[in-house]
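As written, the chains take the letters A, B, C, D, E, F and G, and residue 1 is the first residue of each chain.
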Amino acid sequence: MTKRPLDILDQVLNRQPVIVSLKGGREICGVLQGYDVHMNLVLDRAEEKEGETTRGIGTLIVRGDNVIYISPSREDTAKE
Amino acid sequence: MTKRPLDILDQVLNRQPVIVSLKGGREICGVLQGYDVHMNLVLDRAEEKEGETTRGIGTLIVRGDNVIYISPSREDTAKE
Amino acid sequence: MTKRPLDILDQVLNRQPVIVSLKGGREICGVLQGYDVHMNLVLDRAEEKEGETTRGIGTLIVRGDNVIYISPSREDTAKE
Amino acid sequence: MTKRPLDILDQVLNRQPVIVSLKGGREICGVLQGYDVHMNLVLDRAEEKEGETTRGIGTLIVRGDNVIYISPSREDTAKE
Amino acid sequence: MTKRPLDILDQVLNRQPVIVSLKGGREICGVLQGYDVHMNLVLDRAEEKEGETTRGIGTLIVRGDNVIYISPSREDTAKE
Amino acid sequence: MTKRPLDILDQVLNRQPVIVSLKGGREICGVLQGYDVHMNLVLDRAEEKEGETTRGIGTLIVRGDNVIYISPSREDTAKE
Amino acid sequence: MTKRPLDILDQVLNRQPVIVSLKGGREICGVLQGYDVHMNLVLDRAEEKEGETTRGIGTLIVRGDNVIYISPSREDTAKE
């Protein structure tokens, strides 16, 4: 049972927010409304995190070549 | 109801200004007059922000590979 | 007996966790659930390591151009 | 009324100087004499600015992948 | 008698370990088990060197765009 | 009267030296003997400048992706 | 009499050593035994220079995207 990377994105369209980690240390959280083969993304109700600051950005088109990973369901439980 | 990233751009052509975040920390705001598949953009009445300084640049052709994201409607409400 | 790089990935699908070394010094460990020709990866039960900190991230789609290497079976025995 | 990014360049061929912002902080000003689909540019009577210094460079072929943006008509009115 | 770069790799498949120099200063040594046109590599019994530290990594798939060079037979005799 | 960027190069083949500005701050001066669509260049009687130092390099094949611009006729008159 | 960049390489196959300047400041010297359209190179009796240190590396496959330039005949006469 293999999953194609882009098929996973289909499963989270218009669902719970996804976390998108971008090159350069930025992280954006939002509801995935669309994507294409380049991993260009449409995010709704997006929020951008840089260090401790979060700011709302509404709708967003992210150019795919900036993406490091997309996490549909991050638990975010820090262990040391 | 999936939205293709480039279709979103159609909806904001010649409307309210969009914010374009560029690699290297620059941000440009302007009215989107055109685009192509590479995310090359034409912006009118553009303004460039670097840190605290804003300067008007009139019309602008942005090469798509510099784009991080395009925000058609940024609320920009900083939370901490 | 030659092995094609992507064929190796087939052998570890849904098996023991793989270690993925990313550009910029990050390392992600998780069960490989899928991949494509660009080395885009789906990782399940993923954990991200940066220096001494590990955090769980659940499922993850990694964009292939960030990958340095994928290690299906790292012994990780440091010699000096 | 949509404008394609490269069509805009047609309108300024052999007209007033354009400003070309390059990756790495350089800026070149010159009369656009030609371009191609990669945004390779031919600039005539070009001048290069780095910080406070301007130097004349005559004719110039710029490789397109260095371009951040091209401004056919920059007002350059700094606000603070 | 011209040699195509990838043909050389055929000659060292499953032979003595090769040294792979990666962007960012890493060096990996291992037995080449496979490769493709992108220079994606499969290395077995791999060891990674960073400065003075060597660690075993077992089998490894290296994404080709990280490769600087591959040395099938390095003498490694430092002259000054 | 539009000029295609690569056509300009035809006009300076085997003529006066051109100046080639490379990514990373290097500058090479030489007689253009050939080029291809990638802007790979053949320069003869080439000289490399880094800061204040100039050294002769004879013939040179430059890989096109390093090129920022090519100047067939630089006046090089510094204004302040 | 135009010369295509890759044709020049044919003329130095299995002849005097060429100097290959790589991104990141490395320089490799060796006898060119082969190449392909990506400028992937096979170098024999190669030596790597970093600053003042030279070390022999035997045979080498260099991935083309690391190449800045190839010099079949460098005079290397430093002027100041």
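Note that a residue touches a chain if its C-beta (ideal position, glycine included) is under 8 Å from a C-beta of that chain, and two chains touch if they have at least 3 such contacts.
A quick note: this is a predicted structure, and the numbers were derived from the prediction, not measured.
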| item | value |
| --- | --- |
| Chain labels contacting subunit B and also subunit C | A |
| CA centroid of subunit A to CA centroid of subunit F, Å | 43 |
| Averaged-CA centre spacing for the pair subunit F and subunit D, given as whole angstrom | 19 |
| Separation of mean Cα positions, subunit D and subunit A [Å, integer] | 34 |
| Where subunit B touches two or more other chains, by residue | 65 |
| Chain order, ring traversed from subunit B with subunit D following | B, D, F, G, E, C, A |
| Subunit F - residues contacting subunit G, complex | 13-14, 22, 24, 26, 28, 33-36, 40-42, 46, 52-63, 65-66 |
| Subunit G to subunit F touching residues, read off their complex | 1-9, 23, 39, 64-65, 67-80 |
